[in-house]
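Following are the structures in question.
Both of the next two complexes hold subunit A, though its partner changes from subunit B to subunit C.
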Partner chain A sequence: MSFETVRVIMEKEIRDALRNRWFLVISALFTLLSVALSLLGLSGLGSFGIAGFGRTAASLLNLVLLIVPVMGLLLGAMSIVGEREQGTLVTLLAQPVTVNEVFLGKYLGATAAMIATVFLGFGASALVIAKYAGFEQSGDYLVLVLFTILLGLAYLSLGFCVSIFVKRHATAVGVALFIWFLFMFLSDLGLMGTAMVLKLSPGALFWLVLINPAQAFKIAVIGSLQKSLEAFGAAGLYASETLGDWLVPALSAVMAAWILFPLLAAFLFFRRRCVE
Partner chain B sequence: MFKAPIFFLAMIPVIFLQEAFAETITVTASHPLNIASALETAKDGDVIVVKPGVYHGPLVVNKSVKLIGEGMPVIDGENRGTVVRLEAPEVLFKGFKVINSGDILGNDDAGLVAKAPRCRIEECVFENVLFGVYLKRSPESTLKKNVFKGKTLDVARRGDLLRIWFSDGAVLEDNKTTGGRDAVLWFSRNLRVTGNEFTGGRYGLHFMYCRDAMVEKNRLIRNSVGAYLMYSSGLKLRENFISENRGPSGFGIGFKDMDGALVERNVIVNNRVGLFVDSSTQGSCRENLVAYNDIGLQIFPTARSNRFEQNNVVDNTEQVILDGQSAYTVNDWTGNFWSDYRGFDADRDGVGDVPHRPVKFFERLTDRSHALKIFFGSPSVHAIDFAAATFPVFQPSPKFSDERPLMDSVRLPVRAGGKTASWLWILISAALLSPLLVLFRL
Partner chain C sequence: MIKIRRLTKRFKKVVALDSVDLEVQPGEVLALWGPNGAGKTTLLRCLLGVIPFEGDIEVMGMDVRRQGKEVRRLIGYVPQEIRWHLDQTVWETVRFYARLRKVALGRAEKLTGDWGLSEAKKKLAQDLSGGMKQKLALVIALLSDPPILFLDEPTSSLDVGTRMEFDTALERLKKDGKTLLFCTHRFSEVRRIADRLVVLESGFKKVDARPREIKNFEEYI
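Take a look at the complex of A and B:
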């Protein structure tokens, strides 16, 4: 495998992402909203004379939960299917490059584009926070950035899956948006209903909730920011009692699994029938 | 008419005489005369100046002397029993570092125990002690500017860094405790507790049977419970800063059987429960800031005839929990600022035209099935609450109502917040933004 080839394909993928209007709009939205939320949250605090960033972290968390998954999904979903539909993928594969190089280059390119957006949003917010917040929470902030990237990568992998299993560009976008809707709303509402009807134990509910990478992200961030899962009621207490110090590593592992397995599935399928 | 001035004139020589008779005895660490033998030769009213060095405890002060440490002399209890005992009235104990008490809870091993009235303990440091200062039937004593640091033990095995017991009129001013169990104030009237900082303990203030106390301008931070105030009347709790008290069943301030309390201008932020009230009556809670707690106010139905007004209840995860349906009808909630108020003010009088009746569908669900709290903070939960507020089909009954909600927050005296270190945030910002420059080169 030639790294030079991978690099070239990766750069092309980044350039494609920068030309992708969906991606640009969502990135701009993410940056604007994160700056606005930091400004609102912290200036509100300022009027009471209490500097702190916990509340801003909470609203940034909400924003990340909504926007970063859809960003990852769309970026992934459009990466391969579009080129295949236009026929450029065939041309690309006709060059002296391997399938592995193409896949890796595209994945790394999309990853870079996504991380860049996350950095842009959080970097701009940090400037706002610099005006108000204290010193102690900067570690928390970096934790939030790190987990946000993990969350984005998990959905990026799912997006790649969509891109490889679906034949048409428009369908891929539709499926990606549906998956987002599914993970954001439907699965939660379904689980809530199930838990109430079946009277699930807090433990069982906790493990079921983890199926959703967004929930794993949310619990991991609150767990490492607040050092307690009290806010999540009985299921949260169950988690901190059974997992203890292993809570954050375990949740990171769940997210890593969400990054690796869909990506692996996408890769294997791409090798089998890359241009069909 | 002339009696009073004549009396005072007559007093002057007496005061001078006392001054003239009061001797100053100096003790140094190298000198064979240690503090105990200095005490033997001393009379009431004498001053014993102790030079820097390490002195061995235990020390029993049984004369009304002034013990003044110069340059922080150390009194070492060598991890056995109580280090210093004040057994005569009006002792001044100032400028010492008292270390290494025993660690047996049953013996109340302490840095200092005072058993006589009107003692003054000032500017001392207590380190590695089980109990810090124990005022045991020591009324009108004063503790001022002392610093306490407990033993590094499990919370259950620690002692109380401050314990005031049957000591009416005791004054606690500008003391700092970290890592103890509680600051216990029991069975003492007319206490004055001002400007203290209690951090990292179990109960910041553990307060029982203390009538007419004044607790003002203290900082209660990172304890399991900030202040648990019980079985007392006439308390004035003012301008305290209560934050990050997040024990498993922790409160910022807990009230139990407190009648006629005045709770004014406190800042209660980022606790598990901001203000918890159980079976207390006739209280007045005004101009407080209750913000960013998991639960802002939790009121039991046994709390009656209390008045909540002019408070800022801002962005608590759950603003108010009223256990039992009747709770809101028996207390007066009129005229507070609620950050979740969604009404309007057409006549511009600063008061919302629509009553504040908070409706949270998800909170109703979690009341029925507690485990569902795991979904807290998810977009789905916001969707549910939005749907319930928009389509009244789902609308559950409100938990309570404020008929005259304020449109703007009540101004509070601004306090200094955390340290600002903006350079670090600018650094973070630069670190995150600089990789983007690479993209522009592409």
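Take a look at the complex of A and C:
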């Protein structure tokens, strides 16, 4: 494998992301809302005496849950199918490159673009908080940034899967938005319904929740920030009691699996039928 | 230079190439002839190793399946439908492929100039005329000065003037000793440039002969 080749493809992917209107709009929205939420959080600082970073980390959680998955999904979904539909993938693969180099370059490029956006949003927000409230509880904030990157990568991998399995760009965007909707809204309602109908035990409900990477992210972040999962009811208490100190590492492993397995599936399928 | 043994390619139930045997000598110009769907483009894509196939292909002693990257280093490819990355200018496109082929940017710039693309360097590659797109494809194919060129219907979408210019360029490449494989639907191109003609029909090799030995081209349309 030539890392120089991977780097050339990666740089092109970053340039493509920066020219992608969807990506730019979502990135701008994420940055603006991050800063707005930080300012809103700081407005109550004097009255409640709550430190800026910890409070803002909690309020940014829902923003991240809403925006980062759709960013990762769209970025991934548009990556390969776009090239295949344009007809440029054949020209690219006819060069002295391997399928592995093309795939890795594309994934790393999309990853870099996504991490840059996360840093931009959180960075702008951090500057506002640091200016008005200092650096107290900045560790909590960093935990949120780290898990946000894992969440983004999980959805980016899912997006790559969509991009490989679907033949048209427009279909890929549609499927990506459907997956986002499914994971964001329907899974919560579906789980609540399933738990009620099947009278699931708290343990079963907790493990079922992890089918959704966004839920794994939410539990991991709240578990890290508050050290208690009371907000998740009986399932949260079950998780705290069963996993104890292993809760956050276990959830990190779940998220890593959400990054690796869809990516592996996408890679294997890409190797088999990259231009057919 | 190129050895193909029992090359078979299936797309689900459709057999695009059926046990094709072929050898191409160094410096030879081989025209691939046949109706649409005969398997010409598929043959070139198998030779490039960009799609899986059954059988064996060797290019300059290297196995396409196992040494695909090294083989592709020896081949310049002009695809049938030339489409460039959206939002990339001519120069960005040339530079991207030059970096992939590890070619000095000075050479890339010289080739761009030699083929009359200097003034279009800042234009979006996708906005170029058919002839200019074809020239850009040829510039990219020639970046690393490869000994072999695959051209998939290179003149099908060109006007008469640009076609003649392109034919002259192909003759120049032939004189330079390049091994050329090109798909075409034009008799004049075959008679003027090709040393050999291979006719494909429904994935089979129907004819393998010198163009002057073919009495009636119409029979193969």
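Just so it is clear, the second predicted complex is superposed on the first by the 263 of 276 C-alpha atoms of A that agree within 3 Å, B and C clash if a C-alpha of one lies under 4 Å from a C-alpha of the other, contacts with A are read in each partner's own complex, and residues count from 1 in each chain.
By definition in this document, a residue touches a chain if its C-beta (ideal position, glycine included) is under 8 Å from a C-beta of that chain, and two chains touch if they have at least 3 such contacts.
The model shown is predicted, which means the values in this text are computed figures rather than measured ones.
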> Superposed on subunit A, are subunit B and subunit C clashing or fitting side by side?
Replying inline: fit
> subunit A residues in contact: does subunit B have more, or subunit C?
Replying inline: B
> After superposition on the shared chain, which partner residues are touched by A:Gly174: those of subunit B (first), subunit C (second), both, or neither?
Replying inline: neither
> Which partner does A:Ala214 reach: the first (subunit B), the second (subunit C), both, or neither?
Replying inline: first
> First (subunit B), second (subunit C), both or neither: which does A:Leu205 touch?
Replying inline: first
>> Is A:Leu66 touching anything from subunit B or subunit C once the two structures are fitted on A? First, second, both or neither.
In response: first
>> In the overlaid three-chain picture, which partner chain does A:Ala124 touch, first (subunit B) or second (subunit C), both, or neither?
In response: first
> After lining up the shared chain so the two structures overlap, which partner does A:Ile14 touch, if you call subunit B first and subunit C second: first, second, both or neither?
Replying inline: first
>> Can you report the least C-alpha distance between subunit B and subunit C in the superposed arrangement, rounded to whole Å?
In response: 11
> subunit A residues touched by both subunit B and subunit C?
Replying inline: none
> Can you list the subunit B residues touching subunit A in their complex?
Replying inline: 246, 248, 267, 269-270, 272, 289, 291-292, 294, 312, 314-315, 317, 365-366, 368-384, 409, 412-426, 428-433, 435-436, 439, 442
> Residues of subunit A touching subunit C in their complex?
Replying inline: 4-5, 8-9, 12, 16, 19, 83, 86-88, 90-98, 272, 274-276
>> Show me the residue ranges of subunit A that touch subunit B in the complex, using the header's touch definition.
In response: 11, 14-15, 18, 44-45, 47-52, 54-55, 58, 61-62, 65-66, 115-116, 119-120, 122-124, 126-127, 129-136, 138, 141-142, 145, 184-185, 188-189, 191-192, 195-196, 199-202, 205-206, 209, 214-215, 218-219, 222, 226, 228, 230-236
> Which subunit C residues qualify as touching subunit A in the complex?
Replying inline: 11, 45, 48, 50-52, 68-70, 72-73, 75, 77, 79, 81, 83-87, 96-97, 99-102, 140
